[in-house]
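Input: a single structure, listed below in structure tokens.
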Amino acid sequence: MTEPGRSGAPVDGPAAASPSAASPAPSAFLDVRDLRVHFPTDDGLVKSVDGLSFRLERGRTLGIVGESGSGKSVTSLGIMGLHTAGRYGRRKARVSGEIWLNGTELLSVGADHVRKLRGREMAMIFQDPLSALHPYYTIGEQIVEAYRIHHDVGKKAARKRAIEMLDRVGIPQPDKRVDNYPHEFSGGMRQRAMIAMSLVNNPELLIADEPTTALDVTVQAQILDLIRDLQEEFGSAVIVITHDLGVVAELADDILVMYGGRCIERGPAEQVFHEPRHPYTWGLLGSMPRLDREQQDRLVPVKGSPPSLINLPSGCAFNPRCPYADVPKDDLSRTVRPELTEVGDRHWAACHMTQEQRERIWTEEIAPRL
Amino acid sequence: MLAYLIRRLFAAAVMLVVIIMVVFGIFFLVPKWAGVDIAASFVGKQADPAAVEAVREKLGLSDPVHLQAWEFFKGIFAGRTFATGGDVVHCSAPCFGYSFKSEQAVWPVLTDRFPVTLGLALGAAVLWLVFGVAAGVLSALKRGSLWDRSAMVVALAGVSLPIYFTGMLSLATFAFGLKWFDAQYVPLGQSLGGWFGGMILPWITLAFLYAAMYARITRATMMEVLGEDYIRTARAKGLRERTVIGKHAMRSTMTPILTMLGMDLGALIGGAILTESTFNLPGLGQAVLNAIRNQDLPIILGVVLITSLSVLLANLVVDVLYAVIDPRVRLT
Amino acid sequence: MTTQRTSGRRKQALAAAALVAGLLATAACGSSGGGKTSDAGYDAAGNKVVNAGTTKGGTLKFAGTQDGDSWDTTRSYYGFAWNFMRYYSRQLVTYKTEPGKSGAALQPDLATDMGKVSDGGKTYTFTLRDGISWEDGKPITSKDVKYGIERQWAQDVLSGGPVYLKDILDPNGEYQGPYQDESADKLGLKAVETPDDKTIVFHLPQVNSDFPQMLAMPSASPVRQDKDTKSKYGLHPFSSGPYKFESYEPGKSLELVRNTQWKDTSDPVRKAYPDTVSVKFFSNANDMDQRLIAGDYDLDLSQSGMSPQGRQTALKQHKGNLDNPLSGYVRYAVFPQNVKPFDNEHCRKAVIHGADHLSLQTARGGPVAGGDIGTNMLPPTVPGTEGREYDPFALAGADKNGNIAKAKEELIACGKPDGFGTTIAVRNNKPVEVATAQSLQASLKKIGVDAQIDQYDGSQTSGIVGSPSNVEKKGYGIIIDGWAADFPSVQGFGRPLWDSKYILESGNNNYALIKDEAIDELFDAYAKELDEGSKGRIARQINHKVMEGAYYLPFTYEKYLNWRSSRLTNVYMTDAYNGYDFISLGLKSSK
């Protein structure tokens, strides 16, 4: 799936996971280092993201995959700086680590600086376009607003730009639909409008948080195609956040699988799909809806529920749900947290099982049944 | 939008007829069933049978009920003439009845007093909207803070304390104690300053009650709205927080507030009885209070009708406003 | 909707309420700086003139919680309205402008004298003064007086006022009233003649010694036919007095200005000191009292006492501005004889003896706001009164806390040694009366009389307790009520209550159903007696008969606490209206 000829190593090794205050500005376009997002609550500290690192270059697409509560959405909001903006009264989120975007460290530059980058340098598409668009303003008004906050242009020019963008994302009769309200659009159209709004400022980083979840299947494919086409056109870096591996299979160059606020496997999409090296990834692959199979034939759906982010299980966070937790000796799964280890070319996974054990289980037990 | 308006107008017209019928029924039938002689209550201490009979004839009380109702209804559009014993009283349209206690047609009494009540309600509404909504928004943005807690305690006091208490308190403090305001009603046409000095305490007192309610509603609504996805979208666009709150969040917060405002104004215009009687404002509320004391049924009937009408009208306005504010409503 | 918004967090609300109440108290204390105490002293205007003076000018400012029932001289039944009407209306005779008892005596007004009485008291002839005129300058004629009196007959249009003259001059109701009068001048009433513009002659079918009293009522004022707006006359009466209507907004305000056509030489009664007389109506009695105390207004129009809060402040800080006059009301319980066992006088006496009169007085508001313990049924403001010296049941004396032993004796004499059960009827719209009923109920329990309290709709008095059959049906053995005279005489006070001829099927006021020939004869004798001294003697006899019959248990001779501004001159109480004599009031300075 990785297109040859593209430069750079979007996903790097654990070296990136050792932050230091004096770390130099990285060469990567987006470099997230040891990101931690913790929420103090009455019950304890919720560690939604706990030590996440990755890199992403322009023109590449990263898929972040995981169940709900795995920390993928929190990560995206963390990059956008939306944990600290507009958190009233409640105890604020604690965000630490480093987020380098195009040479700027976002966590230390100040909220207003980040605000100015939002929507211009980095933009976001949300899961449910109906609730993400303001019901009382027309589509046009909302796009115009997004454009004018970053461009000193008049209303007319901004409106022209909005129509242009609506046209670009494939909305018919954009000069008319621009004056419609969100509720007058269909679900797919709304998401197209949302995308138009996100791209109106030509952002270099686009984060799509479950962009197709709220849409029906036929529309999903169209939207994914649109995102891909637009990425090619604009050359942005794209992060697609989803619980559905099918979505990233369509889009992503690289895949990062999150569990319990951490990365448990990452690598080029092709490798993660064809040679996954973590039992949780196996489970995700098993729960992928596939058109050629009946639902009940799914092989290894991930049983059990996501872990508590306040008290993560000791050892491997996945061990209570892992069918192979007893494979590593000395009860290692339950006592020692596994580190990411390189399991292939730019392919990393965090599991106590040996490479051989995992290869055997994958090829003999899992792959045939997918 | 037009179909929506026509539908609402039609519903309002039907309601209007129903209200007139029900109110009329209450005032002219219920006493009949309860065995109370309305005519006798119009006559003084020495209830001369001839006088009672005359009033009965004048009011048409011996006519069948439907005829009485029809006469009343007709009077609203065509006016009525009451005649007895060589005395003819004409009550020109719109005739909402005639008070034989004070020898006045009801309608001029209503129109005379209406501006006072309207001034009271509108002035207070401006105050409570500004302060109530501001306090509510601040509380929502600083929830859990000392400000939030104190504002909500004050709001609770405002909601719980009766007007005649807060009213007398403000009179005792600002009018009699500090002598800042004269607190006596002066018609607007007579002196702007005097009018203002007379209205400021009633405004504040009335607004205090409503500001408290509005602050609580605003706070709750604003907190809910701030959790909406489109607020996150607004922030993701890079909008200033001021714009996010002041434009995106406020627009949604104002919707239930405006609905409430319409209803409250409607009810208040029918007579802020407690406020008007506490501050001796010659508005509809005071008129109805006096009428109740004098058992002046036609006036009570008129004010009740006006109250119902203004609530009805307020409902209509709210419906229309709602359609203006919330584009989603226009379709339904 | 409102209830939903109201939170149930009562504790916090109460705490907040307590806090604000504290503030209120502080603020109330802070407001004491107001009135100067250059006043004449507590109850000073009760029996003498306070601040005598002849300064003219200024605006006399009345404040009232209630508008007049009508400002049409024919249609009002409120005492304060009668008092006030002297500003813009004159009568043939009127009450003397003197303090106390002498204020209830009559003197000529439009007439040159008290009338020449002839034909054994059946004919009164009055001659009008010179120089009397309407507000447009035209002279007031005898025909205007007759027309004004005739308006009483038009009850179908002009209901509400007293109809004594109608009953006395035309007992059979032959005249149809001026509005249905076929004669050209509308002066068809036969009992009154106007041989010329200066002379008016009344022919009474029967002698009535209180006839001059009836002529002193505002309902005997002249009304000019071309200015008679019938039912709307009360909105702008045409003045014959020193002031005329400038503006009137019902329930809001009233303003009188000088009637420049009125000449003081033609009027021996009215001094007309102020230039303007204004009335402002309040819906909040407490606010009004505060403004009286603050000096914004001079006196209460309704003359019915201050509100409890206003009373507190005034008594503490401005006692010298208060007067404590009798209201003219006797408050009492009455025993209908058609309800057993109150047909037996011993059972009635048992209740009278058993009651705790001191606690009844307390329930009425105590000696200052409530009044003195009433000892008999003739109020101290009515000529012939013996006041509290006549106390046949020792109500204010030895037995003021009740006499259980005597009560028990009477119960035995009544044949109910173990007591009995009965019902107390009380108006539901008078909290003080309900409290009185409860006090009575408590003390009667001690003598074995078990009384239930029934609160009836106070606005429907005439159909409920005014109907003897209904009283019997409901078993109202005790009715709580009160009464004041329409004019100061035993006839004006007691005839509707005690004369058997006044028992009616509906609208009855003789609740006790007294059918005592001796009392009826005494009333007839009173009506024929023209000598004031003899009238007083008959009044006493009637009062004694009523008390001996034990039909009534008097509670109090009611008193009010009225505010008198320090600005006022010529302030005194008159028994004629049981309040300040409005017409004599002036202001210290013309500002």
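Letters A, B and C mark the chains in the order given here, with residues in each chain numbered from 1 onward.
Throughout what follows, contacts are C-beta pairs under 8 Å (C-beta built on N, C-alpha and C of every residue); 3 or more make two chains touch, one makes a residue touch a chain.
Everything quoted here is computed from the prediction, not taken from an experiment.
Of all chains, the one whose CA centroid is most distant from that of chain A is C. Of all chains shown, B has the CA centroid lying nearest to the centroid of every protein CA atom. Averaged C-alpha coordinates give centres for chain A and chain B that are 55 Å from one another.
Chain B and chain C, compared by their mean Cα positions, are separated by 38 Å.
The geometric centre of chain A is 90 Å away from that of chain C, both derived from CA atoms. Residues of chain A touching chain B in their complex: 80, 82, 85-86, 88-90, 115-120, 123-124, 126, 128, 131-138, 145-146, 149-150, 181, 183, 197. Chain C meets chain B in the complex at residues 1, 5-7, 9, 12-13, 16-17, 20, 23-24, 27-28, 30-31, 34, 66-67, 69-70, 75, 77, 154-157, 159-163, 177, 179-180, 230-232, 234-235, 249-252, 281-284, 286-288, 290-291, 294, 296, 459-460, 462-463, 507. The touching residues of chain B, when paired with chain A in their complex, are 140-145, 148, 226, 228-241, 243-244, 248, 251-252, 325-328, 331.
By the touch rule above, chain B contacts chain C in their complex via residues 35-37, 40-48, 50-51, 53-55, 84-87, 89, 100-104, 109, 112, 153-154, 156-157, 159-161, 164-166, 168-169, 171-173, 175-178, 184, 213, 216-217, 263, 276-280, 282, 286-287, 289-290, 293-295.
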